[in-house]
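I'd like to ask some things about the structure below.
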Amino acid sequence: MQQRIKKPKVMIDLIKVSKMYPPKVEALADISITVNKGEILFLTGMSGAGKTSLLRLLCRREKPTKGFVEVAGEDLSKLSSRKIQKMRQNIGIAHQDFKLLPNRTVAQNIAISMEVSYKTPVHIRRRTKKLLSQLGLSNKINTLAGELSRGEQQRVTIARAVANEPELILADEPTGNLDSETTGLVMDLFNECNQKGATIVIATHDESIYKNTSHRIIELSQGYMVKSDDAVWPILSGIDPSQEEHPESIGH
Amino acid sequence: MQQRIKKPKVMIDLIKVSKMYPPKVEALADISITVNKGEILFLTGMSGAGKTSLLRLLCRREKPTKGFVEVAGEDLSKLSSRKIQKMRQNIGIAHQDFKLLPNRTVAQNIAISMEVSYKTPVHIRRRTKKLLSQLGLSNKINTLAGELSRGEQQRVTIARAVANEPELILADEPTGNLDSETTGLVMDLFNECNQKGATIVIATHDESIYKNTSHRIIELSQGYMVKSDDAVWPILSGIDPSQEEHPESIGH
Amino acid sequence: MYFLFTIIKQTTRNFLLTWSSQIFTLLTVGLSVLIFSFFYLVYTNVIDGAQQLGDDLRLTVYLDEQPGKELQEEYRYKIKKFDRVDKIVFVSSKVAYDRFAEQLGDDKDILNDMPQDFLPPAIEVYPIKTLDTLVRIKQFSDYLQTLPGVLKVQYGREWVERFYSFIQLLRIIVILSGSLLILTTTFTVAHTIRLTILGRKKELELLRLLGASSTYIRLPFFLEGALQGLLGSASGIGALYLLYNWMKLRLAGTTMVNLFSFSFFEPPIILAIIILSTVLCASGSFSSTRKFLHI
Amino acid sequence: MYFLFTIIKQTTRNFLLTWSSQIFTLLTVGLSVLIFSFFYLVYTNVIDGAQQLGDDLRLTVYLDEQPGKELQEEYRYKIKKFDRVDKIVFVSSKVAYDRFAEQLGDDKDILNDMPQDFLPPAIEVYPIKTLDTLVRIKQFSDYLQTLPGVLKVQYGREWVERFYSFIQLLRIIVILSGSLLILTTTFTVAHTIRLTILGRKKELELLRLLGASSTYIRLPFFLEGALQGLLGSASGIGALYLLYNWMKLRLAGTTMVNLFSFSFFEPPIILAIIILSTVLCASGSFSSTRKFLHI
């Protein structure tokens, strides 16, 4: 685990991270996770387990109470405001509460994530069209986001998250409002991004999307990691997410 | 199906209802559904199929473009504004986008649905506590709704919907952000309400919650009803939702 | 029925939840009332003050001979018939002579040779200084000219015209400022209330969907608006009163206080301003919620 | 780099999306500038006007004997040394006699027996009517008294005092209104901008999470604020200009126009007002976004 080897390989490194929200809500306790570049990681756990809180730490929406959060080899607590901006342009986030702008069209909502890094209008248009057709929303391109059904909004959120071709994608409950068919479209899109090199962390409670995959699954419970196969994952083996791993189904 | 018999038995009666949104989005087309008092009805269908639109018609958030919507024997398009208020106090809605007030506490958010019908503070407090403990949120009673996790917010929405002991409960994707264990709590609550006489319509894509029930399932696709067992349901048999019905799983 | 209880609880909660907005609205109302009533005060006092400038304003009516007691009464009667006057002074030749002598000062010896009645007797008419009178001063002069035994009527014509114009100008300015201010005030307060309510759009929509009655939704806003109007206007007037006293204190040593009589509003006017603001704010707040009632 | 393009697009989109709020803000800025500049105009013109009321104001210096050419020059020099004056007129005994005769009108025959120089010669000093001079008028009178050969210095003391006080009063009122207005205007505009930005909180937070740079987020607001300040103040001044012309037109027939010289702002002042508003709005808008930068 020398710096030289680690730097290009590890995307996310959480070291003994804890997060307390103001009065005394312990959202995360003593979490250590390493995610390699090109990996897909599923984060599961009951409602309130701390999945969203963990993702928030990764994009520095919150700072950890204890421990270190490193993304792409940089300690987030030490980054300047300018560097954080640059970093966020390289992270695509599908928020659990969508954060769409209801009075902008679908196209504008997706474009916004590319505009912040000053992409050309032509590129933006092409990419938007492609994503929408992949997610089955081609006919909604000029509809206001506020007039979409919830499931359509969720897909727009996902499209916005991946639009800028980020190196890291954080998807928070990306299929909560989607039927199984549409869920398939979304997972295909994620897999495509992953093939192109993106690291993906998906927080979800939807068993169907991780049941039959070979990807790693980490389960949180009340802020603690209860199931992880961290040790099994060969940190130095690089971009090869073909580990065999059978998730246990979560309690019924 | 004479008026005299129908009135006490039928809760919802949709007669050839269509709904077009402004430019020319056909959300619902020619839907006819009858739901008896005390029934639980599952509404399924792909994202954008028109589930939410149908629920919106039932609480008169929208008016149908064509057809009639009758709830508890009253044609909604003919009700006075005062009567609609009364009617809405008797309908509990768990909105798909929650509609919580983020800067009020959980208790206040739940209380609001009882306050509009001027319930006593003592009653409100007791009911709020009971619901929260049933949904596993007792420790969040005085937390601001905006500081909850999405799944917790969803449960608060459900608590608010059933708090006023409504005769009709409309739950729109009530378990989209919940793990299977918490989903169990929610379904138990719905069943309890149903036992006390409430009619419940649940729009969902979560197979697990209707897979093993005996309740009726209606599937929508692009605004049309594609699967319904309306005819099978004995309209005159009253409050006895013990029909045997095996839902087909929706396309994968 | 927990109707009243719930409404009051709702109002209090709104106030507490949005206190920063509330304070801004309060400040807006307060400042607006302050500015407006300040102007109103200026209107009443400056025009008074300007009119005191014209105290010298008089018409001198030169007569051909000294009028007797009876004739004086007749003149008085005729003058008063034309217009209300402040004061009528009969100046005999003797008095005119004395005044002239005094004006000459040390040189008055030169008058020794003159007959004491070489100056004509006169009536000095001091008209009441309302704007109307000022407009009619020329007509007044013409009228006086027609009285029997009048040699000549003299007044500082140019000065009177200029003075009259100035007061007229002041009046136009004050009225114009007043209307502009009312416009701005109403607009600002309406806009502020509108924005504040817009910020609570979500809550209003939710209440509507929960089946809250119009009363339940709107009464708290009405009460809130009324309270804001009441507190805002009261503090505005309070601030004006402090300002007024501070100014009076500062001017205490100068001659101004002696020359002009400043006065604050009478209680009925204060009451009227406060009630008007309260009603305006309450109804503004009330009607702003209208558009949320159709969901 | 599509930097500029994106920023301009963003600004235009904001303007289009929130046009109703924008128009309200524009109106607020416009009305505020209108009110403020109206006041400023009143300040410059009314005080001018009031001073023209005092045109009669002069000090009459009675001399013991008719001064020769040289002595006149010396008087002139000494008077000017004390203070700037508008005009100095030497009135010989002869002229004084003629004036008196004219004043007596038909009765002037009675003067026939008098020597033509029975009235003393005098100097009439018309001081420049700045406020400073008015304060110093008593000192001026005292000074004139000390000049050689002066019998007596006369002026309408009570009137001058009253007049001075009135102008002083006007000045205090105008300054006070001005400060109140500036306060209210700044507050209103700041408040409006704050509320407008608060209404777009969600968008700003999102941009922050998407990694938008501070420039990307704030520049559109800055431009928007500047545009609002520019358009608002320009339309405010435009409205004032219309008002000014309308008033002038309305007063065209009356004597007022001849007596007082109304004037609109000079171009530099207009420019200053517009630039100041633009800078204020731009920086207000800019700094309102600050709190959204730390997410």
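So that you can tell them apart, the chains are marked A, B, C and D in the order they are listed, and the count of residues begins at 1 in each.
Please note the rule applied: a contact is a pair of C-beta atoms (placed from the backbone, for glycine too) under 8 Å apart; a residue touches a chain by one contact, two chains touch by 3 or more.
On a predicted model such as this, the values are computed, not experimentally measured, just so you know.
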Starting at chain B, fewest touch steps before arriving at chain D: 2
Centroid spacing, where centroids are CA-atom means, of chain B and chain C in whole angstrom: 64
Distance from the mean Cα position of chain C to that of chain A, given in whole angstrom: 69
Chain C and chain D: spacing of chain centres that average the CA atoms, whole Å: 22
Overlap residues in chain B, where contacts from two or more other chains coincide: none
Shared-contact residues (touching 2 or more other chains) in chain C: none
Chain-level touch network, classified as line, ring, star, complete or other: ring
Contacting chain pairs - touch in the sense defined above: A-B, A-D, B-C, C-D
Residues on chain D engaged by chain C in the complex (per definition of touch): 21, 24, 27-28, 31-32, 34-35, 38-39, 42, 46, 49-50, 52-53, 55-56, 62, 104-107, 110-111, 113-115, 118-120, 151-152, 156, 159, 161-163, 165-166, 168-170, 172-173, 176-177, 180-181, 183-184, 187-188, 191-192, 194-196, 198-199, 243, 247, 254-256, 259-260
Chain C - residues contacting chain B, complex: 1-3, 5-6, 9-10, 13, 17, 202-203, 205-207, 209-214, 216, 293, 295
Residues of chain B defined as touching chain C within the complex: 59, 61, 81-82, 84-91, 93, 95, 99, 101, 103-104, 108, 112-113, 115-121
Parts of chain A lying in touch with chain B, wherever the complex brings them together: 21, 25, 44-48, 51-53, 96-97, 143, 147-152, 154-155, 173, 176-182, 184, 205, 207, 250-252
